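Right, one structure below, let's go through it.
Letters A, B, C and D mark the chains as written, and numbering starts fresh at 1 in each.
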């Protein structure tokens, strides 16, 4: 076995755990024509195992399910899948145990579930922000395998918008109110009677994640562990009748004293290693500032840069903190399957993947 | 002519300016069976004048237009209407001049438009909060008539939720993110292509109103003028695909240091003169706290207490300020026509109305 | 025990089976202030039994749950409830057995479930149409109890619109396409991911009901049994993102050759015994024709006449059949709980209820 | 000047009339990377003329406006544009005169407007159905130019679904109920207050178009004119809260007596000259039958085959006519801009275009 480089002759075999759910389907869609990865295993609960994927899935994606994927058998979530990497879209109620069993059997597990996000041995990764945290993998206690997690869907866009501000001006406090799409709740998820002509001002466990995950993401790796940052974050999370795309109203307090123009410049200039390496899933630019006073919007910007770009707008002075702005990012692409695949690509590029 | 008391034999004749618009219709609906007021004049633009109200209006209310109201002629907005009080639902582009002309002709003008809200001679009134500001009427420069305004639809619920906190604990800073219903934009208002499956993070002029109007409402009358308060407020305003009911995520900083239970108690106990006087449009209780973690919601609480009650929920500690909570109030009732009618009832009770 | 007349001193004790579901809640709401009936028992599945109603229910109605109803204990669905009449909103998977057990124990069961609708011994009743079918009750095989059913929610408005046409001109063929509200699917019912920005052109079992139930409703009681009519009906059923109110596009072939005006006149004049008796739940007029070319609409007409009136509009010539028109009726009031309560009132008036 | 063949060295210069409207934008989007056509002129009303396209347009498409297109100047709709073909997305109030002036000046005008659809000299074209009608162009009275129209957005999918049935079994009668997306009404079009939580059972002029346009499309060219067919069609048209994609419930009476399987086979096999020629805008297959009982759906199938494929499902016996089925087609692609571009490609291939 050899480390991957960019001239590998065969695609890397990957599997999807929880392949029939809403995020699982997004993995299937995004990976079905991936230049590096080849889906070799679709795994799901006992109830689905044994059926073809077509029979087992209630396909929700706008593009039809391909014949090839539809014919694949659904396998149980046990660590004998014919692949090197598994992407996990498992429900948190079962993800912990299953992901650990795969890691211990030598798989690279890249998970969209929350179970290992707070584990001090596990990177919580946004490749444009904290790629250095992958060094944690040298000290992981999961046998030959590895576990890496991507953050909560509301955190991805927020953290990306804060990253260049933090680098240049220092972020001290953040107030964020989210308006989150229904696809974030999975399927069947939110009942239509609850959300049609309504907003629900509560998402279980979400505010805690938004207030805490960025502290680890912006943390520093010291002595084989992440030292969390001490940014103060306050979050209100709401569910709105929008299919895809999380909108967030952000107020931020900075150490420095930049002008509005400097901030916009700093967002539009922001680029990181995934961009330099031109990773397949990486957006050309992580952040796009729009000057239209009514932008960004889910309907108009969720597909920005393959759904991996974060749209920003409405930067203005905040009477309480320093600045206010609005962000929009695609919750099942940038905030889930797409972000997780970008982690895998980063790990391949960094030499963590053998097959 | 005699001052009104509560044993008056005849109803007070009132008129509605801008009667064909969305708020105008809500006035027609709420006043059609009012115990004190009798609609004697429906006025609108030149385009509508001369038609019957039925012909002129695109009736949007859920209850059918009554035959009696439908048969009334639409009159032009000139100050010769057969009534003492005029409720104004005029568009801001014309409200200033017309309202002034009515006041100078001796009418009591109670307006939902923004034009006179910042005029130092004009009360910006929420009867449960600043009834004392009616004393400004003794010094108004509009001849024998008077002008009183009610606040922006997003301000009403917010200010009511802050009032008892301010009385007992002192409000210092407020951060609010609104999610506002489409009925707040009038008719035709927001295009369906813009709002279906979307949220629009901008409402022209709205954030300025939310940040400034409470300062006047919470101000103190000194030397024949209102001295504004100095609370610092920051607002983000969003339009969501909800028919009626504005939801607002509030973070607040207080001088005092109350417990969560003290705040809930203080909201539930809150009552003011409109309640003591049992004014027809007054809610039994202005504020209702709900313990369900997913409340309040537009769909479930907008009709609370005739649409005049403010629903509150989710009170919890804020990592940045002191507390966070969520409010819901009906934007065209509490926040527009209903609130304006309550001002009229208050003025009758206080002896400002002769007829 | 004595037959009911209209001077009874005490309200009739009633119970609700399946009280926690969407239709069950509508029963609770409509019966909470009923002039004749007093809710004495709320029954539901084993999972809910033992809790207070407040704890057991996910209250979906726009008006808040009353304290009194909220405090009632939820009982199991066994026939020892302290009441004479039970309204059934049970799921069809359990309704058959439970309803039969209540009837055999002597209760009057009036059911919104489909299980007994096709039973030749059981009336399928719309009180304005086939009150004579109550005579079937003299021959029912359920011991001392009785079972009566109300039709499918899409059938109620349709059958009412056809009744006066059939009486005066003879209905031969009907083509109907429904656009049905999400509340018709219960709770949680339709997933928001399936219906937001979408229409689903299928509702399991619905088209069969719409094509068959009217044949029994319009049937004639002969020799202790209903002889079905032979009207030919074709139905397409769709689910649309509307909260309440079923819209139906109808084309009809008649034996007679009436003019458009004669049909409108015949609808507007239609009245039946529930109207003559002024039963509490009866609409003042069952059918209301609207001349506005864009009416009827769910948003504007679902609350018509307490939600018990059927709104009709757009009558025009059909190039294939004779006439086309559109109807709108409230699916959980006229089409479910309200219609079922009207059956109970009719049975009381006809002397079928003892207590 | 030379007739086009498929080895032309330069792209054909085209212009768009009414480029700032909703359909105009869809033309811009679809033509921005077209292999044969190059957009050389964007024209709109006097109000927009003189601005850059970016300034003049309220861009509604999900993909961002390209920099190149955004920089183009908006020209007035006068026949001096630097192109050979103009695509017209003009409002019907002005389309007649402007389109005629372009034709008389020698342009090929392919129009999405209704003005010339019923003109006996003008083809009403769906390239898969009545390509022979292009022979009408030899006798047109518009000077050196030509006018061709594409049908109403609700007619395109319907007529395509009927074409193979008519060829093989003979279509005699059609009953159709449409549920049409809001994008069909242009921008701003339908007010959100009218359509959120609602269905509007009326679209001005639409039913007449659906009942009449297919008669010309299925007509036969005789003696330099189209002889209309005599199929009897009845239509009910509704507006539903869906962004894109018209759903239609169809009942059909046939001369022949095919089985369900024969009909599905006949749909799935259907192919015509645009497919044989592999025209860029042509779908691989015009008709796709889906066996899932709840398909087709706007949300899942509107993008089928580039938005040019028609999804069909739910074929079953009709108690009144012969068969019932459901179709879904994209109203602004297949039913407007895409269909119109396909006409242009067909005309190029048939040698009608010189440049």
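Heads up, the rule we're going with is that contacts are C-beta pairs under 8 Å (C-beta built on N, C-alpha and C of every residue); 3 or more make two chains touch, one makes a residue touch a chain.
Not measured: the values here are computed from a predicted model.
Listed by label, the chains touching subunit A and subunit D alike are B, C. Look at the CA centroids: the one farthest from the centroid of subunit D belongs to B.
Two chain pairs, A-C and B-C, are weighed by contacting C-beta pairs, with A-C ahead. Annotation: 43 Å between the Cα-based centres of subunit C and subunit D. Work out the mean CA point of subunit A and of subunit C, and you get 48 Å between them.
Taking each chain's centre as the mean of its C-alpha atoms, subunit B lies 40 Å from subunit C. Among all residues of subunit C, those that touch two or more other chains are 60, 194, 196-197, 241-243, 299-300. Only residues 173, 175, 177, 179, 194, 197-202, 211, 232-234, 236, 238, 240-243, 247, 249, 251, 293-300, 313-314, 318-321, 324, 326 of subunit C touch subunit D when the two sit together in their complex.
Those residues of subunit D that touch subunit A in the complex are listed here as 59-60, 62-64, 196-197, 243, 299-300, 302-304.
Remark: subunit C residues 22, 60, 182-183, 187-197, 241-243 touch subunit A in the complex.
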